[in-house]
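In the two complexes that follow, chain A is the common piece, with chain B as its partner first and chain C second.
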Partner chain A sequence: MTAATTAPHPPVERGGPPAALSSARGRALGKLLPLVLFAAVLVPLALIRWPGTAWPDALTVDLSAPLGSASDWIIDNRDSHPLFLYFFGHISNAVVLSVRGVYLLLLAAGWAGVTAAAGLIGWRVAGVRLALTAAVSFAVCGVLGMWVPTMQTLALMVVAVTASVVLGALLGLAAGLSDRLYRALRPVLDTMQVLPAFAYLLPVVLVFGIGVPAAVLATVVYAAPPMARLTALGLREADRGVMEAVSSLGATARQRLLTARLPLARKQLLLGLNQTIMMALSMAVIASVIGAGGLGDRVYQALASVDVGAALAAGLPIVLLAVVLDRTTAAAGSGTGSGPGKRGRLGWAVAAVATVLVAIAGRLTDRLDWPETWTVNIAEPVNRAVDWMTAHLYSGVPVIGGTADWAGRFTTWVLDPLRGGLQALPWWAVLLLVAALALLIGTWQTALTAVLAMAAIGVLGVWKPSLDTLSQVLAAVAVTLVIGFAAGIAAARSSRMEALLRPVLDVFQTLPQFVYLIPVVALFGVGRAPAVAAAVVYALPAVVRITTQGLRQVDPAAIEAARSLGATGGQQLRQVQLPLAGPALRLALNQGVVLVLAVVIIGGLVGGGALGYDVVFGLAQGDLATGLVAGAAIVCLGLMLDRVTQPTQRRTERRTERRTGRTRKAA
Partner chain B sequence: MSDAETAAGTAAGTAAGTGAETAAGTAAETARGNDPAGKDLTPPGTESEVSERPPVFAVRDLWKVFGPKADRVPGTPDLAALTAAELRERTGCTAAVRDVSFDVRKGEVFVVMGLSGSGKSTLVRCLTRLIEPTAGAIAIDGEDVLSMDRARLRELRRHRAAMVFQHFGLLPHRSVLDNVAYGLEIQGMGRAQRREKAAEVIGKVGLEGLEDRRPGQLSGGQQQRVGLARALAVDPQVLLFDEPFSALDPLIRRDMQEEVIRLHHEEHRTMVFITHDLSEALRLGDRIALMRDGRVVQLGTPEEIVGRPADAYVRDFVRDVPREQVITVGAAMRRPLAGDADSGPALAPTATVSEAIEALARSGDAAARVVDGGRLLGVVDRERLLNVVAGTAEATGMTGATGPGEPPGAPGARAEAGRAALR
Partner chain C sequence: MARTHRILAVFASAGALLAATGCGAADMTKQASPYANAQGAKTVTLSVQSWVGAQANVAVASYLLAHELGYRVDTVQVDEVPAWDALSQGRVDAILEDWGHPDQEARYVDEKKTIAPGGGLGVTGHIGWFVPTYFAEQHPDVTDWRNLNTYASQLRTAESGGKGQLLDGSPSYVTNDKALVNNLDLDYQVVFSGSEAAQITQIKQFAKEKKPFLTYWYKPQWLFQKVPMTEVKLPAYKEGCDADPEKVACAYPHTPLQKFLNADFAKKGGSAARFLENFSWTTEQQNEVALMIAEQKLSPEEAAAKWVKANEPTWKKWLTET
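So, the complex of A and B:
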C-alpha cells in the first residue's frame, strides 16, 4: 500500500526545466517529478520492510474463507431465510415464469409464425430487404437444427431486454431530469461499461444460484447501463432553444417532458435500445456458463469438447440473431420519425394479422416444430474440414509454417517473455509504472484510481494470475493497435479501402464476444494464443473505425494548407493528420484495451488460463470464493486499464462508440 | 458585456424620459419609404392618444445579474456603479441588464437594439420570466409579473405574451400544422379546434400548402414564418421577437420584416422587437431603446436616435444611417416667416427630408412648405435640408420647431424631456 500513496499529488505548477518550459516534454517531466520524489522516499522503505519482488504476503488479505462461508450460508438459507423467501425468491420466480411464458408463446406460434413475425417486423421498420434478411435468418436457424435453442435464447432475451429497457429508461429519466443524480450515476455507469461481462456473473450466482434467473439478472445488469446513459444523454441534450420556446408558450413540466424533451431524445432512446439489445445478446450467450441454456450453452458445451462443428452450428444462429436485431433496431433509430401515422398503424395491423394467420395455419397443419427432414447437419462436414486443417495447416506448411506453429511461436516469443517480465518486476515497480502512465495520459485522480485498483489486486492475493491476464492484454492490444492503425490509416486515405472494409466492420461490430472463440479454436487450438487472437479480432473493428473517423475528421483546411506548401502524402499524414487526430487515436487505444480485456477474460474458456479460468473454475466446482476473488480482480484490472488509457477529456460516448460509428454513417 | 469603457450611467434615465414624446407611426412609416403596404401604418387614433395609452409592459429599475450572490449587486450602490469588467473582477458576476426602465405602450412596436452582449436578449426573457430578474419591477397591464405564482405565470405565457425566437425553436418531430397548433394544445384546446385555428394562422403568414411538412424540410425563412404563426395562433396581447431574422439571408430578412409590418398594420398588436441590426430597428420601430453593456443609453423615436444621439456611442452607432431618410421635415423645418406661405411645394410634417429634396428638385423652388390640414407649420429651405444630409444640423429640430410650428404629435412633449425617469 505504500507506493499507492505516491500518486495522489497533483502535478505541481512548479518552474520545471526552464528553457523548454512550454514543451510537452517539459510538462510531462513536471507532472512526473512529484511522483519520482515520493518514489525515492517510499520505495527504499518498502524494500526494507518487504524484500522480494512478488507482492508481499503481509499485505494480502485472504478473502476465500469469509467468502466461502458467506456462500455456504447463502446456499444453506436460500430456501428458508426471509430475505430469500420474500425478496429474491419472488424475483427469481417472476423471472422463471416470464421466461417460460415467452418461450411457450414462441413455441405456440410455431416456426412459421415466428419467422413470419420477424419478416413482417423487418418490413414495417425498414422495408423489404430487411424483411427478407430477417425471415431467411430465422429459417437458417431452423435449417441448422437449432430452432429450439434459438427460441430459448430469444425468450431469455425478450425478458432481459424488457427489464433492462424499463430499468435503464427509468434510471436515465431520473438522471436526465436531475443534475445531482446524473453526477452521481454517471461514473457508476461509465465504470460498468468498461467491466468485462465475466465480472458480473459471480455475484449474481452467489445470490440466485446457477440457473435462468441468474442468467437473466446478469444480463439485465450488464445491458441496462447503455439504455440509462443514452436516455439521460438524450434528455439532457434536448435543443435548448426548443425547450425555451416550449416554456415560453406556458407548458407545464409534464407537458415539456412528454411533448418536447422525450420526442427530441427519440434518436438517443432508440440507439440506447439498440445497444441494450446487442449487449443483452452478448451477455445472454456468455451467461450459458451460469445456466442460461439456449444457443450459448450449445457453443459452451461444444467448445468444452473442442467440437468446432457443433460450436459453429450453434454460433451461426447467434450471428444471424445479432445481425437481424441490430439492423432492425438501427433502422428504427434512423427512421424519419414519422410516428404512428394512419398508414403506419394500418401497416402494423396488417403485419399483426398476417402473423396470427401464419401461426394458425402452422398449428392447423401440425407443423409447430421445425421439420426434422429440413435440417442440415453442418457439424460433421465442418469437423471434417477442421480435421483436414489440423492435418494440413496446423504445422509443417512450407515457408510460412502452420497456424499451430504461429500460435506456439507467439506464446514462446511474445506471451511467455511478457508474462515472465511482468511477474519478475518488483510489485512496487508495477505500481509506479501504472501511476506514471496514468499521470501522463490523464489527471492525478485517474492515476490514484488506477494505482488503488492495482494495489487491490495484490491485496486480494491474485497478483500473479492478474499479471498473466495483463500480459495477454498487453500483447493483444499491441497487435490490435498495429493492425488497427494501419487499416485505419489505409481506410482514411483510400475511399475504396473504406468501402471494402465497411460491411466487414459492420458485421463484426455486432457479434457477441462469445462467437469469436469458435474460429480461433478451429485455427489455433486451445491455449493463450487463441484467446489473444480472439481478443484482437474482437477489438479490431472499433479501433479501425475510430482511427478512420479521427483521421477523416481532421480539418480539411489544415491538410489543404500543408498540401499547398508542397508536403508529400507521408508528410501530411505524419505532421498534420496524425497529430490532429491525437484525441481519436487515444480513444481508440482506450477502447481497444477495454474490448481486449473483455475477450481475454472469456478466453479462460479456451485455455487462456489466469483470471478468466479462475472464474470458470469457481463456477464449475461450486467454489464461489475463488471465482468471486477472480471477479473482483477482473473489476480492478478493468478499472486500472481504463484509467491508465483514459484521455483527459472524457468522451460522452465511450463503449457507445462501437455502435455509433456506424449509426452516424448510416444517417 | 466585455466592453470595459462603459460610459457608466449614461443617460439610462434621461433616455427613458425622452420616450414621453413620441411620434409613433411617423418614423416607422417614413423609414418604410416607398413601400405601398406600409403607407398607412399609423395605429388608429392620433399619436397623442398612443402616448397616453396605458403601458402594456411597464419595466422599472430592472436588473439581471449572473454569477455568485448576484442579489447584492443591484442593492449596493458601490457595486452597481462599476463597469462590467470591474464588476466581474470584484464579484465574479456579470450584469446583463442594469437598471433599465421603460414602458411599452399598447399598439406600438418597441425595438430594443444593441450589439451582441448588450443584454437585450436577457431583457426580453425577463419580461415573461424565462430568465428570472435579479431586481426591479415588471408589470403587464398593471399586474405585477414578478409576484405571479406558477399558474398565473403560465397563464401569462399562454395567453398574453408569445415569443418568436432567433433559432425558431420548432419541434422537429411535428408537422408545420402541429407546430403552429402547439401553443393551443398546451392550453388544452381540442384537436379539431386547434388545427382549424392553426390552419387559419398558417394562411395569414403565407404558408398554405406546407402544413404537412416537417420543420427540417423548410427553408430558414419558412421556419421563422412557422415560429411567427405559432406565436400568433395563441392570439397574444404582446408579441416578443428575439432577433427573429438575424439568422436569415438579407432578402428573406426583408420579406419577413415586411410581413411583420403588414401584420402590425392589420392587427395593431403590441410588439417588442429585439435586434442588433440598426436598419431593421429603424424600419420597424415606433420607438427604439438602444442598449449598451446592459444599460439603455438612449430611448426615443428613430428620428430622435438618428437626429439627436444622446452620446458619442450612439452617434458613432448611427453615423452611417442616411439621415435624410429618417428625419422628417417636421423636425428639420424652421418657423415660417412672412411671405413663406405662398411659394414652394407643400409637404406633410411626416414627410422625410429626402422626399422634400426630391420635391424641391422637381419644382425648382428654394424652399418647401410644411403643411398640416391646411395650416402652415413651417418651412424647409435648401440650407436646412443640406444640413440634415451633411449631419451638421443636429439641433435644427429643436430650435426650429418650437412655438407655433411644433408638430401636433407631441404637444408640449419636449417640456417633459426633463422628466428624467418614468418613476
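So, the complex of A and C:
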C-alpha cells in the first residue's frame, strides 16, 4: 500500500521515508518468521495440554494466602519484632520528625514569611516576573482558605524531595561512573518511570501502615528514578574533549569529577531535580489515599461528598505549587538567573535578610495564621456551575443526545465488544499478539519482556480483570490518538492555533489526576466510560505536544521540496510531514499508553472496575493480598504496554521529549 | 537560601532524633501524626470516613473541641479497616462511627489492647437494598426479593450486561451483595461504583429522570431526604446467618454504631477523651448536620456552628459529664 500511494511521487520516494518504510517491512517480516515457526510448534502442544481459551488454572499460583498471612504477621508483630523496633520504626520516626520539623518551621515563618521567601527565591532565580507569580500563588492558597493544608503538603514535599534527590543523585553518581552498574540500573529505572503511581502504594502500606511515613516513602520511591536517570546521563555525556583536556592537565579522578564532570552535567542535574519535584507533587496528592494528609486529603474528602467546588479549592493550590516549583527549577536549569558571582551572593543575602525581617514582622503583629476574613469561598459558585452543567447536558439534549447517552453508547458499542473480544481470545493468541507487536516495533529482547510480563499476569491469576483493564486502555488510547493527532496537526500547521492551545495544555498538564474524576462522573455517570474519559483528558496534552513538536521539527527543506513539486497542503502532510515525524508519533503513542494506564487504574474509584478496583478494594478493606496481586498485575501490564509501544532505539534525545510527557504525569 | 536552611533543619532534626533515640527501640504504637500539637496547641486527630454521616460527627466534635475545649483538631480520611490499624498505632486518636468489625475488635481491643471502646454513638445503622419510592409505588411487589427477577429487565444498564443492575458503592463498605445475588439466584449483576460520591451522583441522575434502580444503601443517610427510597425485603436476619461470607443468604443486621479510642489517648487524653466518650446523638440530629454539608453545600465547620448554636442543651451534657 505504501508503494502504491507513493508511486506518483518518485522524487519524494527516492530520498524519503517510503523507501525506508519498505525496507523496514522486509526487516519486520524477517523478524516475525522465527516467531511464526516458534508458534507453529508450541501452540498445538499448549492446546493439547490445556484446552480452552481462558488462562489455564494449572499455570496459576495463588499468592493471596501467603500474602495474607504475611500481612497478618506484620500487624501482629509490628509492636514487638526487632526488625520493626530497630529498623522500620526508626525510619518511620525519622520521617515523622523531619516532616514535623519542616512543618513547624513553615508555621513559625507565618504566611507572610513563607510568601516573601517564595517571592524572593523566585526573584533571585529568574527575576521579577517569577517573583510575582510565586508570591501571588502562595497568597491565593491563603485566600482559598487552604493555608494550613498547603503547608502540610509543602512540608511533606520538602522531606520527600530532599530524600529523593539524595537517593537519586547517589544512584546516578554510581551509575554514571560504573558501566556495569549503569547497565544493571537502566532498565529498572526506565521501567519505574512507566508504572502507575497506584502500584507503589500497597507495599509501603504493608510495612508501615497508613500514615505520613508510608506516604513519604512511596513518594521517594516514585520520584527518585528521574533524578538517578538524569544524573547518570549527565555524567556519561560529558564532553570527551573537555575530559581529555582535564586529565591531560594531571587532574585526579576526584578532581575530574568535581571540577569537570559534575559542572558539565549541571543542566541534566537541574532537569532531574525539576522532574523529581513534579513527580513528588503528583504522588503527594495520590498518597492521600494512604493518609498523607494536606491538600490531597482535602481533594479526597471533597470527592467523597461529590463536592467539585471544594475539590477545586484544594486542587488549585496544588496546581499553583506545581507551576511555581516547575518554573523556578526550570529557570534555575536554563541559567537565566544571576551567576554565583559576588553580586549574586549579595542578592541572596538580601533575600534571606528580607525573608527573616518579614517573618519577624509577621510574628510581632501576631499574624501567623492566614486571617480568616481574607478567605474567599469558591466552592459554592463552582458547584452551581457544575449543577447547571449536569442538569442541562446529562441527557435528553435534542439531536445529539446527552452525555450519559454517549457514555452508554460508548460502553455498549466500543468497550463491551473490545472487552468481550479480548477475553474470548485464547490466552496463547494474546501472548503471540503481544510478541508480534513488540517484535515489529522493538527488538526480540523487548518482545521477550513483554511476553513474560503478560504471562506473569496469567500466573498471578488475574488474567480476566487485566484484559478488562487492557480493553479500557486500548479504547482510551484510540480516542486520545485520534483527538491528539488531529489537534497536534492543527497546532503544527497554524501558529494561532498553537498559541490558543498552549496555555490550555499548560494548565491541564499540572492538574492532579483526582480532580478529573468527579466532573467525568457528573457528565458520564458511573462505570468504565467515565474512567476512559478521564484518561483521555489526562493523556491528551502530552500527545498533542509531542505530535506538534514532531511535525514542526520536520526538515523545512523536505517540505519546501514537496511544495515546489506542486504537492497540496494535504499531500505535504500525508506524504512528507507525517512519515518524517514517525519517531515522534510513536513516542506520542508510547506516552499516551503510559499516561492512559495510570488514570484508567485510578478509574477504579469511579466504577472502572478491573485492576484499579482491586487495588482500591485492597486498600479499603485492609485486604492487602488482593491489592498487592492487582498491583503486581498493573506493573506487568504497564511493562508490557511500554515494551509493545516502545520505539526501537531509546536515543538520548528522547530524554528531552520525554520531559513533556513526564511533566504531564507529574500533575 | 531559605531552602538550604530548611533542608539543614530537616537533617538537624533527623540527626537529633537519632541522637535522642540512640540505638534504642522505636515504639510502633506511638506514631502520632507529624502535624499534631503544632505550636504548643493540644491536638486531637480524628479519622473521617468517606460518608457524609461520619463527616457530620467529626464536624460537630471538632467544632466543640476547638471552640469549647481549646484543642486544635486534625482530620485524616482513612477507610474503615485501615483506620483500625492507624488507631492502634496512634496515628489517629479516635474513630467516631464504626459499623461493626468483629475481626478487628478481637485483634486490637481484646488481644493487643491498643484500642479502647469509646461507647455508642447513639445512632443505629442499617444496610439494605433500596428502590426509589416512586418505583415502589407503581410496582408494590418489587419490595420483596422473590419478585426481583421479574423486574431485572427494567433495571438493565450498559454496565450490567444482560442482567439487572444492583448498584453498589465504595469497596470499603461492608457488603455481602455478590454472595446474596448468587445464593438467592437473582438475575442481577453487582456493579461497584467505586466510591460513595460516584454512587450518589448516579442515584441522583436516575431520580431526576424518574428511572427505576436498585441500590445498596444504608440508614441513616441524608440522601433519603432528597431521593425517597423504599427497602427491598430480603430473607430475615438471624444471629450468625452471615458468619460464612460465601454462603450468606439473609438481610443485613441493625448495628448500633460504636466509637473507639486509641488506648493511650483514652487514658491520657484528658478532657478531649472524656468529651469524645460522652459524644452521643440521635439519627435525626446527625442527618440534620449531614444534610447541611451535602445538600446545602455548607462547609463542615459552618454546618457544625449552625447546629451547635441551636442545640446547646444536647452538647452541654457532653462537656460536663465525666
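Heads up, the rule we're going with is that the second predicted complex is superposed on the first by the 606 of 667 C-alpha atoms of A that agree within 3 Å, B and C clash if a C-alpha of one lies under 4 Å from a C-alpha of the other, contacts with A are read in each partner's own complex, and residues count from 1 in each chain.
Simple rule for what comes next: a residue touches a chain if its C-beta (ideal position, glycine included) is under 8 Å from a C-beta of that chain, and two chains touch if they have at least 3 such contacts.
Note that the coordinates shown come from a computational prediction; the quantities given were computed from them, not determined experimentally.
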Once the structures are superposed on A, label A:V102 by its partner contacts, choosing first (chain B), second (chain C), both or neither. second
Which partner does A:G609 reach: the first (chain B), the second (chain C), both, or neither? second
Of the two partner chains, chain B (first) and chain C (second), which one does A:S247 touch, if any: first, second, both, or neither? first
Once chain A of both complexes is superposed, is A:A260 in touch with chain B (first), chain C (second), both, or neither? first
Return first, second, both or neither, reflecting whether A:L85 touches chain B, chain C, both chains, or no partner chain. second
Per the overlay, which chain contacts more chain A residues, chain B or chain C? C
Who does A:R49 touch here: chain B (first), chain C (second), both, or neither? neither
May I ask you to decide whether A:R183 touches chain B, chain C, both, or neither, giving the answer as first, second, both or neither? neither
Would you tell me the residues on chain A in contact with chain B in one complex that are also in contact with chain C in the other? none
Given the complex, residues on chain C that touch chain A span 1-3, 6-7, 9-10, 12-14, 16-18, 21, 23, 25-29, 31-35, 38-39, 48, 50-52, 55, 74-86, 89, 91, 107, 112, 114, 157-159, 161, 167, 170-172, 191-202, 205, 208-209, 293-294, 297, 299
Residue set of chain A touching chain C in the complex reads 75-76, 78-79, 82, 84-86, 88-90, 92-105, 107-108, 117, 120-121, 152, 155, 158-159, 162, 205, 209-213, 288, 290-291, 293, 297, 300-301, 303-307, 309-310, 348-349, 351-352, 355, 368, 377, 379-380, 383, 390-391, 394-396, 404, 407-408, 411-412, 416, 518, 521-522, 525-529, 603-609, 613, 616-617, 619-623
Give every residue of chain A touching chain B within the complex, in rising order. 239, 241-242, 244-252, 255, 259-260, 263-264, 266, 336-337, 339
Chain A-touching residues of chain B, taken from the complex the two chains share: 128, 130, 153-159, 162-163, 165-174, 182-183, 185-187, 214, 227, 230, 234, 240
